[in-house]
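Reviewing the structure listed below.
Labels A, B and C are assigned to the chains in the order they are written; within every chain, residues are numbered from 1.
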Amino acid sequence: MSKTILITGGARSGKSAIAEAQALHFGTPATYIATAQAWDAEMEARIATHRARRGPEWVTHAEPLDLVGALAATDGQGPRLVDCLTLWLTNLMLGGHDWRAAARALCDALPRQRDTVVIVTNEVGAGIVPDNALAREFRDAAGLLNQWVAATADEVFLAVAGLPLKVK
Amino acid sequence: MSKTILITGGARSGKSAIAEAQALHFGTPATYIATAQAWDAEMEARIATHRARRGPEWVTHAEPLDLVGALAATDGQGPRLVDCLTLWLTNLMLGGHDWRAAARALCDALPRQRDTVVIVTNEVGAGIVPDNALAREFRDAAGLLNQWVAATADEVFLAVAGLPLKVK
Amino acid sequence: MSKTILITGGARSGKSAIAEAQALHFGTPATYIATAQAWDAEMEARIATHRARRGPEWVTHAEPLDLVGALAATDGQGPRLVDCLTLWLTNLMLGGHDWRAAARALCDALPRQRDTVVIVTNEVGAGIVPDNALAREFRDAAGLLNQWVAATADEVFLAVAGLPLKVK
């Protein structure tokens, strides 16, 4: 049976490795839907590290904005891993798109998928309140997006030191 | 039976909605003890959003500093929701009050309540160490306050993506 | 039977008190392996507060860099508490040492201990992405170090408001 699974956690908490293992549990080949855009050398290095860890059982599908379209295009080909919601939100906000409408469309599309979707996101709200208004706005949006996707997900895990803690 | 219940979590982790549902479980009408003070437009908007979500079963009791007095004044009228400890601490510290004495008085008062008290607080210590000393001092105080209230609480939950994870 | 136990959590989440109780469960005297170096008055005050809480059943062994050596020197004398990994990492990085090699050596040494080792570390990755590159680099390193030690540990706990939440 196909599922929607959300993996959240802080930076370098092992979310991606947990998500990859869970996706492969639903079969191979698996599709890696990458929302990352390489804005600078640091991000390029991060993307390369993630890609190097994934094995030959993965097909990469890069899509910074149209997640619903990427899910439609890859459904029926095995499990999908969306990595990650937080970068997708960043792309939407920086591009001046309506992130709330996009989030609603995603939450509508998820229960209609035939193949499993594992989604990685970030916990960004557990530090001190940020100084600048844009960071606070992003933090609020990311928290709401996580709540909405968690509400529609079948399973939710919090990654702590590389270990999955079941929340739902 | 009445209880003290603490809900902690990061920004926009769904703490307030979880706390509201838990409080209403103990009956209606319920009293919303609001510690927020509208310092600026951003805070005013946040307060308005929270108030709009609460239904007609809620009576609002605004009290930025004297939480023990607010609990005494509202006991016997149904469950109370204190939202939130972190803003209360901010009010105490900015006003030059002795927050440790106030916290001790609160922890003494909580077990003596006849009606349930659900308390919302924030996780602020899971980010990188803040640059400025005041933010570090606040972060330390908030962490200690959370520990003290959690020690006296009957139940403690960590909100993750809108979902309650039972800690105690 | 001896164990490796990792306690992670945010600032002032009660990690040290939880770790001390767990270590003393394995016998007394217990050795407190302190990685802290007092760079300034704030850190000195923090160290003094921690020391004041520990009772006479504790022997302090200060070691900012050579954790493997400190474990070898104290094995066979009762449980050890390493407080904390994050300061050890800071010392390694600021001193220009190869923290990855040091982390691998630590993870190799831990399963070979005869006496229990309880290790305290910090969650630093659940806030907003830091502005400066050094903070991001430290955050990434701390997250990886936590994952590696958690993978070799027998038990892992997340401290939330002074309460231990079992992760492994």
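Just a few scattered comments:
The working rule: contacts are C-beta pairs under 8 Å (C-beta built on N, C-alpha and C of every residue); 3 or more make two chains touch, one makes a residue touch a chain.
What you are looking at is a predicted structure, and each value in this text was computed from that prediction instead of being measured.
These two copies of the sequence, chain B and chain C, are related by a rotation of 120 degrees on CA atoms, to the nearest 5. Chain A and chain B touch with mostly distinct residues; of the residue numbers seen at this interface, under half occur in both copies.
Chain centres here are Cα means. That of chain A falls 31 Å from that of chain B.
Multi-chain contact residues of chain A (touching two or more other chains) are listed as 10, 123-128, 139, 165.
Chain B meets chain A in the complex at residues 9-14, 42, 123-128, 130, 135, 138-139, 160-163, 165.
The part of chain C that touches chain A in the complex is made up of residues 6, 8, 10, 121, 123-129, 133, 136, 139-140, 142-144, 146-147, 149-151, 156, 158, 165, 167-168.
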